[in-house]
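One structure follows; several queries about it will come next.
Each chain carries a letter (A, B, C, D and E) given by its place in the written order, and its residues are counted from 1.
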């Protein structure tokens, strides 16, 4: 992993905290997906927790990179956010139709 | 040390996912686990100094194969639970595989640690190849015959798939996903163009770009956009074979250009033109790969008599 | 010339995809021109000696190597000629058999992939050729629709597995020596655990793809399910591709000790294939399965010859090996076309449909019998030539009584299954009436390769000479 | 240096084990789809072996340009070939499922 | 030596029956006249060509025609005295059989196919006779198998198919053994042309074991067609074929091909000297002698006419082998001349059997009672041929047995003499009762009404004529044995050439 220039202690602490938070959200989301009872709650958990987790990880990483890389990372986050939303909606609709049919 | 830890973790996860995919109870789980495995594999390759391949694996290996597997699952209709196997059915193959594994381990650990002569040779000849990225040089100049055949394999898979493809099923698409896919499309085109252009000197190239384009096209196609993108359209057919056509045309041209020589050499690009020829081939190959991959995923029966499905369905309806 | 042999079928196939209407004409045209070119090439090579290319003129090792020796040229010629013949057959029966348009580009691509395979002397390029071949073959099998899907899938999966085994072997060799061209590998070859295992892995994969005993399980179903022209191509040509590579590996790469160690295995497998395939052909109730099992048995001859070649290193046995392949290709094409014609006209897949076929369709039956004669090895057919060369090679070794005996037994088995059909055809009690009046042209087309295999005997001396030189 | 070679060995062993896992899956099956997945795992293992072998030439201080480009090109070719074959196999499989579904009197595989 | 076209004479002789045969295949069923014309044209041309060759060979010429085939073994057609003996026999008898077959098969289905294969069969036989080395011989030997098989199964009944299967199983195995043997011999000494005195003498001391093995393999292969003892099983069963086919198989084509091969093998491949050195003659002779007695013994028990004739063939053909295996000039004359005599006599017998079956519907011996009065000409022919078989003068059979006896005495084989005497007695025992039934017993069976096949004659003239022709031949060959045109004088010429090579 490439490491940028020197960082201050505060920045390091802050970025580590953000990274850890992101990781926590990811883990929470994954556990939820495995443990939650039905599709809707799973979807809910996964999309929200993962979007948030990714956001905080990217925020944590931003301390290490230059502005151009940061911009790209933000763009990636936005894309994931949007596509996560759309796919979550799609899946929910699919579940709904299936439920209605049954 | 930390890198080694990372490696151990990576390898452990890879093995666990692969094993889980093979052993899982349900097919859909197997497919999901396989996709995860593919993504991790991409990461592994990035770790192993192969960013080209990481890109390709992420797009083709994990993404495309996963999509294909899911399509197949969906087309297969209702899934029966996997038949349970008795332990003899599992145990004896396992024993056999363990023995094989032992032998394989013995073998791969015997491989010499020093590389062969070819990397140095590639570097030595790179200047004459017309591109500065060695992988692209190998793909499109040193071993271009392999690449030509590989394009052919891809085309062939498409032909075979079209032959057995089912009749199209019409479903309504949802406004939000449609507009989202339309929003994504230009982004993907730009990205693909970048990858293609980058291939000349850094990781990237026709396959990665083609795969990316295909991903975009598949999304659009699933949202009932791009209705013209079907085998029955002659222009689609034309571009699907364009990669090969341009390749062959370039080969022939190069051959004729050097025809004055006593012994014309097959597949040799004139050094001063090599760069342009390779770029031309790559552009058309990207298009062809994109179209082919798209059609592979959303394969539906074409109107041309290439497919047997319709006539058979008619027969089935009669009977 | 070389280039045209590859570009022509490719270009033809691409054009066919664009304009399916003219596909048959294009396919026939390209096959005809290629046959002519291949003949030219053969003559040229046999006059001027083997030609070796490094593609694109890059240094050895980096470039893909090609070699056109007389054997390769002979096989290229065979491929083109059979393609032409089968193309004519498919064209002649297109109205009746409702053969899909997909056949034409696929058959051209089959020719391309085989030609590329015969030429290549680069292990990885051979892998790509193998995959290409497998995909074409499976796509061709799946042409017959619903009933062929399962065998086709089975064929594809096993074939992929075989390719991967082969690839693993190639990778191990590359890991050890860092190169892929056979000539380069030969110069550095050392018999050790690594090369042993690589060779074994590659052989396993190739044997699976070539349907050599005991890995032949997929073949009868796949070949029997395909449409008649496709079965002819598959049996005559496709299984020979992996066999060719197998021979390259063991005759050129492997050291003498390795070859000696492997010889009994190949010979044993060949013998087992002969006996098992013959026995299965005797038992099966379906006509096409009989011919397909006969392919398994006949491939046994080739394997046996390979094993004996490794053991005794006799040029004559090498010649015998390829004579078997040539003769079998022609004879099997005739068999499949004839059987396809008969079961198409008489309407049924079972052997009993052929009852009395010597009256209703004498020409097709004659074609089958004549081709069968070569399968048995009756003089003066190609099969006889091969058997003669093998026997000569064996008798030159002192104290070899077991193998001639085994050959005799195998020949009797093949005679038994060929005449199982012929005897049935002479049954006059109640012949099966044709569904419609038999077409004459396709029957003649089926007879043509059968006659060609008997005509091989006329060229026996140059053939033997050519092939014997190749072994040295 | 030690770390490099132990990493290398680790990856080599992983690649071999992946192949073995794939072979197990291919033999045991039982559904065709799982066989296809298993084949893909085998090919992933083989490709990984190739990538590791390419990595050999990179040396302890990994710089991407030094990895064996020939092997990388081969893997790329192999990947495309593998995905083509997989796609075709899956298409056949889908057709097979449909054919068996069409005829309910025949029990599915 | 001779005009250019003469070197093509052997080929022309083969083509004269092959080409009409191939044309006949393409004819429609109704084109009877054309088919007959083609057949007769072929026969005539062949006879003329054979006559030309006969003249030349008698003057001492030898014909060669060769095309390249295997390395070290060209495809050679060689017209020498011995081959001409067989060629003349098969050509003349082909004429008779063709006419007979036209009459016999009148109005039966699939005649184009029948006559096509019939011509092929004769071509193969002639080719076999003319072949100039072992490889060519092998080739025609296998072609003969293939050409005769459709004739055996021509009727297409279950019995015919079973017989066909059996026939194939035997002959193909035989061909295979022959192939193995020829290949073995080829690897030792190549396959040069047949030459009096053989060509193996150079390696006799070096490879005695392998030579013996090769001889054994080849005799086993030839023995199948020559119906030597353990390999005779197909012959009696092949009786289900139509009468002309049986006649052809027994008198000319198949059985004689085996016998002829043995002659070639013994005299022109191994040679008398090598045979003696390798001690191969004795076992062969004993085997043949056993076959003679066994065949006669089994013939006694048969009630079916054609079956009895079949076992008689097994016995009679082995006379040829015995004559050859005794390795003396006189015995050789006896054996060779028996090749011709037995052919003519046996074909007559089969014609007669066919006539009885066709006209009266009689297949069993005990139904023949009194047939002599209903069908006098047929019965006379039968009687003549039967007497010939027994060896009663002045028939041809007497000549061959006489020389065989002389040969046995000359080579000090008293055992063989005993065999001949005993076998002669057995012959009489199974033929004379039939003759007795024909002439001296009252009519027994239920015969169809008269003049079914012909208005004036006892049966169709085409069935009658060939039979009478061959019956007359039997007498003529016996009576005029000492003249220059008789088979006897020709065989004496052959033996002179065979035994005076050094």
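Please note the rule applied: a residue touches a chain if its C-beta (ideal position, glycine included) is under 8 Å from a C-beta of that chain, and two chains touch if they have at least 3 such contacts.
Since the model is a prediction, treat every value here as computed from it, not as a measurement.
Steps from chain D to chain E, taking the shortest chain of touch contacts, total 2.
Touching chain A and chain D at once are the following chains: B. Across B-D and B-C, it is B-D that has more C-beta pairs touching.
Taking the mean of all protein C-alpha atoms as the reference point, the chain centroid lying nearest to it belongs to C. Chain centres here are C-alpha means, and the one lying farthest from chain A is E.
Using the mean of the Cα atoms as each chain's centre, the chain most removed from chain B is E. Centres computed as Cα averages put chain B at a distance of 30 Å from chain C. A straight line joining the Cα centres of chain A and chain B is 28 Å long. Separating the CA-averaged centres of chain C and chain E is a span of 42 Å. We define each chain's centre as the mean of its Cα atoms; on that basis chain A and chain C are separated by 57 Å. Residues of chain A found to touch two or more other chains are absent.
Contacts with at least two other chains are made by residues 107-108, 111, 115-116, 118, 122, 142-143, 146, 150, 153, 156-157, 160, 164 of chain B.
For chain C, residues touching at least two other chains, in rising order: 62, 124, 128, 131, 135, 138-139, 142, 146, 149, 174-175.
Interchain contacts (touch definition given at top) occur between A-B, B-C, B-D, C-D, C-E. Interface residues of chain B, counted against chain C in their complex, comprise 103, 106-108, 110-112, 115-118, 121-122, 125, 141-146, 149-150, 152-153, 156-157, 159-160, 163-164, 234, 237-238, 240-241, 244-245, 248, 251-252, 255, 265-269, 304-308, 311-312.
Residue ranges on chain B touching chain D, taken from their complex, read 1, 3-4, 7-8, 11, 14-15, 18-19, 21-22, 27, 30-31, 34, 37-38, 41, 44-45, 48-53, 56-57, 60-61, 64-65, 68-69, 71-73, 75-78, 80, 82-83, 85, 89-90, 93-94, 96-98, 100-101, 104-105, 107-109, 111, 113-116, 118-119, 122, 134-135, 137-139, 142-143, 146-147, 150, 153-154, 156-158, 160-161, 164-166, 203, 205, 207, 296-297, 299, 309, 316.
Note for the complex: chain D touches chain B at residues 3, 5-25, 27-28, 30-31, 33-34, 36-38, 40-41, 44, 47-49, 51-58, 62-70, 72-77, 79-88, 90-95, 97-98, 101-102, 108. Note for the complex: chain C touches chain B at residues 2-3, 7, 10-11, 14, 17-18, 20, 53, 55-59, 61-64, 98, 100-102, 105-106, 109, 112-113, 116, 124-125, 128-129, 131-132, 135-136, 138-139, 142-143, 145-146, 149, 172, 174-179, 193-194, 197.
Against chain B, the residues of chain A that register as touching in their complex are 79, 82-83, 86, 89-90, 93.
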